[in-house]
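Each of the two complexes below includes chain A, the first together with chain B, the second together with chain C.
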Partner chain A sequence: MFKSCAGLVALSSLLLSGAAIAQEKIKVGVTATLEGTYTVLGEDGIRGHQTAINTLGKKVGDKEIEFIVASTDATPDSAIRAVRKLIEQDKVQILLSPLSGDEGIAVKNFAKTRPELTFVNAASGAQETTYVDPAPNFYRYNMDGAQWQVGLGKYAYETKGYKKIATVGDDYSFIYTQVFGLVLEFCGAGGQVTNRQWVPLGTKDFASVIAALPDDVDAIYLGLGGADAVNFLNQYQQAGGKAHLMGGSIMVDQTILSAKGNAKNALIGTIAASGQADTWEDPGWQKFVKAYQDAFPPNKRFPSPSLLATNYYNSTMALILALRQANGDLSNNQAKLREALAKIELDAPNGKIKLDSNRQAIGTNFVTEVVDDGKGALFSKVVKVIPNVNQTLGYDPAVFAKIGVPSRTVPECKKY
Partner chain B sequence: MTRFIERHPAWALILLIAVAVMLWLILAVWPPGLEEAIGRKRVFLNAVFNGITLGSLYFLVASGFTLIFGLMRNVNLAHGSLYLFGGYIGYAISVWTGSWVLGFIIAFVGVALVGVVLQIVVFRRMEGEDLRQTMVTIGLSIVFADLMLWAFGGDFYQIQTPSWLVGPIELPLVTAVKSSGEAVYLRYPMVRLVIFVAAVVIGIAMWLALNRTRVGMMVRAGVDDRDMLAATGVPIQLVFVAVFALGAGLAGIAGVVGGTFQSISPGEDTRFLLASLVVVIVGGMGSIPGAALGAVIIGLAEQLGSVYIPTYAIVVTFLIMVLVLALRPQGLLARR
Partner chain C sequence: MSLVQGAHPQTTQPAEGARAALLAWPEFNKPAVWLVAVILLIMPFIASGFFLIEIFATTLILGTIALSLMFLAGYGGMVSLMQLTIAGFAAYMVAVFGMSANTNISLGWPWWLATPMALVLATAFGTLGGALAVRTEGIYTIMITLAIGAAFYYFTNQNWAIFGGHTGINTIATPKFWGVDWRSDIPYYYVTLGVAAFCYFAVQYVSRAPFGLALQGVRDNPRRMAALGFNVNAHRVAAYAFASFIAALGGVLQVWNYRQISPGSVSVGACIDILIIAVVGGITRPIGPFIGAFIFVILRTFALDLLVKFGLDGNRFRLLIGLGFLAIVFWSSDGVIGLWERWRRRATATDKRPGGGHGHG
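Let's look at the complex of A and B:
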């Protein structure tokens, strides 16, 4: 009797202490585009985030991390609204945000007004975010849009023999950055970019844009993503388009390659570049793909993780590992966490990642080509792997600074 | 027509010249100087065709809106939700049965039923109270939007075009002449042409029904003087329900059309509500030919704008609305 009583007391004290531990939580706010044009991207980002939690767990010493997700729609004001809500209502101490380019610039600027909090970029890839006037409390573990295009221009010009190309892209900072990277390399190699068409993000009717595509070019580069890319391909098929295509990092991505219908087949053979390649044989990548596939039933995920899943996985992993190094200590304006974040070298599934002095990732890039696996599913196949890509794309920083910030017309098509 | 020419000879002349120029631009082979100045003819022709086909989609949404307004004087601000709901039904049915046409029929019936319920449960209770109706329909549109977000998620859906409609068709319009003297003809997506033809057929059928049938006569009489019509013993509530069902059903069909050549997702409801508001303001509240004219003008403005002045394309639409409101506030084809 006494024994069982003592057991009960011990058990209840254990439970009580458990409750006490559970109260000491580290609150992290996560934003993803769960509405609008980029819904599919946001959903897969969250899957990547969940995969990282499954792999690493939520424990930091005797504390537990609590993640709170808020939705945005890829516009900068929606991102700020979500971040504000997470900070003011949910009292988060750390942010894992945002997903999309323009959101990134807005959140970076917002981060400066909250120097006591730490911001880890989830997946956004505009160059400006970490290159122009960076925020000291904003860390980015994915490469920017221009870094993700490294290798594509040369491959198109030298191996594919495309001499003249035209581009079509969504009219915002991330795609400017992607076209920036492409144009620098392609024109540097001797190619010509004859026309750059920009369409508003969320365009539904591409028929006139498709009609205005020039005929006298060797290939057309598509810098579209999410619903826009699917709408474009669908209408491109209906218009009977036959040009050679080149793709940006969110165009040739599982978010598009797994879309319903057969319009995506126009992408077979398309060359692209991105921070990952679906069929890379690296064991670390294969392990991540397996973890992603095991975490969700086949109809609730893509056959292989998208770039967004990988980015969210990496940023979540960086944050959890850094929190563990800092022992969950968030005192003194989170100084220990920040030191750990700046120093960390990620052994990420898509190659090693470390940060530069602007807290921007230096990582590995992949040139890919879209292949059909024979069963109707499309994948990006590795053509070339390029390690150690930094934000100035290998240019001398002084020369790089003269090119200017990516925009509709920057950079010019010439050799810098 | 003749009366219009007699009253406004200058306007008639301008209109005539504009139509002639347009016809020439569409039919003639462009001289090289013109191609240099404003781009290739293929781009222009495509933009014009896209404008007209997009206009036919706008017409489908706006005609129901204007019909309901014309007869019942109530501005149904939940009309966009009916469009989106129709799109979702069409998607679900076409995935489930594999039949595109069946999607149309069921979307029409399903959304028309929602319209009937709306009329009986909501609008009948507040007949003639404009402000209350407006507020209630705004509220309803928010509730519907959230319900649909809950049921279908934030994802975008695309209704698969049946295989016999996929791909382009060659039209007998010359876009350019090759150096060998061989003419290049315009290739245009088949599905958009079919949808355009369907919209024209629906438009003409509606016009005939309104102007040549007994029920149409009742509806027109109701538009002019509701109380008098009721006094003559016509079951006016039944007419109201029928018109509401038809208007809602048209929005449902438009949803399937929109899901086929564009895509449907949350937010489309307000986009199409706004589009149909602009269309009926330009064309004239309550007028079916007005809705057709307004839809084509707005569709053309959007598509030509997106090609020739991409940055300001959205402004053009509203500029047209402002001009119409300033010069002819009742709308282009309103009767009074």
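Let's look at the complex of A and C:
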């Protein structure tokens, strides 16, 4: 009995390996936050990823790319666990990971221990990931949180006339980076940031935060995302909050703007900045929106792709195009793929993207304002488009280095 | 000895004396135990990197941490939810005193200084927590240890000076000496196996030493033990100290495994995972937590793939994990060990019919 079983196993494994030879596969591991506070963001990220596959296909010459998705919950531990599972159990050769800021820092550090593999950042946007001690095999095709805030500070100070603001943000690296970008520009223009409040990621009760919001400010900047942002807005409305609002890139985003309930209406008129604007008229953007809408039924997607969908779309596109340029050749520590990744200039839906010497994206940024489309759906409308935003935000690299790495208190509110 | 017999009147049988010597290490006279030991030793020749580290080494680490809970709950009657917190504290201390990418936090000590320091501090931390917890009983012990765990989680999340906040501490150096990188798969597996075996036999030994027997007396009848002149609280605090040391060893192994530590590793959910592991495995014997850890790791790793294979939505994998645990606890209140014992008793009962000779530990 045992012998015949063993024979059967041997036979079937032979057959399987035969099939594998017929078509060689390139295995790519993808992680997204499919659990926890950022679940909606992760799900839309995967939609963007799928849209890219629909558009470009999975073929690289005579090989086919196989994507394997693993779930995380926005904590660095979960990202490392997922990445290790993909590498060790599923034997992936390339990683498309991760989504969230602290995950990015952890995965970048992990990438250094696996120099033979290539990592393409999916959507994470902490500055530290590519700015401090970058990993040579880690590529990021989205801008960081600070780049995504370019234009907002000046617009708030000069056009809106906000002189004094306070900030509320999730207590982790991506939001530090966002506030970093905002404060540099806003204080550089002459504004004042009087108070910075930080709440742990996954906070559900914002009562004490709302009670502590200062009254003597012109606007309040919100650097929250996912479930945290929706919870904050609900409680803020119940508390009768009426202040002018400013939003970070994942606060004024379809993940929040298409949330159920009325709380999101507090965001109408909110100014924000991000790597995309929902109503941009650029044909490339409109084409991407159409592809996204066609790929999923209306109740299984947002009215328009979120920033996460766009980032996953771009990183997937960059990877597929680079693999094609390298003819799917992963020999010699994936040298050809890396060369192609470093050189590629993406004609992305949200503007042209190229990489700097740290393998960090230089791209286009958008200042936006939230509008109601008349049918109850909210969108971000373009106010200003700023091309060629680099990681040092136009500062001289030496001056920029002196400001320090984004944290709760860095940068100070002054002109650098 | 009379103390224990007093607590377990049903185990007093005439043949007991002759069996006592063998009972001291019952493992050594069963072929199945030798078989398991040999399989564990030659595992690197059977299993590849993924199974070796992600399944077996992880099982041994989680089993070691759950073993410390089993010791407290099984022999001391104290259910502590802070065992993972102690392990996490040790892991953080390895990162803080040792070398890592966060140079403004890490002191950069060599591993042979940082590791003992981490063990000592974590043991002190656990003993202190224990000293607080022993003033309470039953559900209140659970509450106070859960509170310590939750407080530690939120503290690490928001403290940047020592714990590195939500980002945690990355790229922690692991030991390299005698020309061996002890974090490469095979040496690391043997390190975890060695530590787990050491902890297992230590618990086994202590449970039969005078201290362990007195502790079981305290569990069964604290008033009587106090009347006999034992210092009940001192025994309990000492039990916490011993368990903390075991948990700390598990924590050191864990941080070497992932080379990274952040608050997610010490979350309340993770604390409860340890309780689940101990309960599923069974808290009456030291082997229980390791069996529980194995089931836990297998379910956690393969539940998603299994669901997808059957054409179901992979996002529901946590449901499968929950159902698995529910089934085990439903059919056996003392875990897998209890199932196995009941099955064995039924098998012997068909030969001859002894009384219900069920003894703890």
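Rule of thumb we're sticking to: the second predicted complex is superposed on the first by the 393 of 416 C-alpha atoms of A that agree within 3 Å, B and C clash if a C-alpha of one lies under 4 Å from a C-alpha of the other, contacts with A are read in each partner's own complex, and residues count from 1 in each chain.
Basically, a contact is a pair of C-beta atoms (placed from the backbone, for glycine too) under 8 Å apart; a residue touches a chain by one contact, two chains touch by 3 or more.
If you're wondering where the values come from, they're calculated on a predicted model, not measured in any experiment.
*Asks:* Now for A:99: first (chain B), second (chain C), both, or neither, which partner does it touch?
*Replies:* neither
*Asks:* So, does A:34 touch the first partner chain B, the second partner chain C, both, or neither?
*Replies:* both
*Asks:* When the two structures are overlaid on chain A, which partner does A:89 contact: first (chain B), second (chain C), both, or neither?
*Replies:* second
*Asks:* Quick one: is A:143 in contact with chain B, with chain C, with both, or with neither? Answer first, second, both or neither.
*Replies:* A:143 sits against neither chain B nor chain C.
*Asks:* Classify the contacts of A:378 with the two partner chains as first (chain B alone), second (chain C alone), both, or neither.
*Replies:* A:378: touches no partner chain.
*Asks:* Looking at the overlay, what does A:240 touch: chain B (first), chain C (second), both, or neither?
*Replies:* First partner only, chain B.
*Asks:* Look at A:109 in the shared chain and tell me whether it touches chain B only, chain C only, both, or neither; answer first, second, both or neither.
*Replies:* Once the two structures are laid over each other on A, A:109 reaches chain C alone.
*Asks:* Check whether A:80 is in contact with chain B, with chain C, with both or with neither, and answer first, second, both or neither.
*Replies:* In the superposition, A:80 contacts chain C only.
*Asks:* Identify the partner contact of A:211: answer first if only chain B is touched, second if only chain C is, both if each is, neither if none is.
*Replies:* Only chain B is touched by A:211; chain C is not.
*Asks:* So chain A touches chain B in one structure and chain C in the other; where do those two contact lists coincide?
*Replies:* Comparing the two interfaces on chain A, one with chain B and one with chain C, the shared residues are 34, 71, 198, 200.
*Asks:* Which part of chain A faces chain B closely enough to touch in the complex?
*Replies:* 34-37, 39-40, 43, 71, 197-200, 204-205, 207-212, 226-227, 230-231, 234-235, 237-240, 260-261
*Asks:* Which residues, counting only chain A, touch chain C once they are in their complex?
*Replies:* The contact residues of chain A facing chain C are 34, 71, 73, 75-78, 80-81, 84-85, 88-89, 102, 105-106, 109-110, 112-113, 133, 171-173, 198, 200-201, 407-408.
*Asks:* Within the complex, which stretch of chain C touches chain A?
*Replies:* For this pair, the touching residues of chain C are 49-50, 53-54, 101, 154, 157-158, 160, 165-168, 170-171, 258-265, 267, 301, 304, 315.
*Asks:* Considering the complex alone, what residue numbers of chain B touch chain A?
*Replies:* Of all residues in chain B, those touching chain A are 39, 42-43, 45-47, 50, 53-54, 153-156, 158, 160-161, 166-168, 187-192, 261-263, 265-267, 302-304, 306-307, 310, 314.
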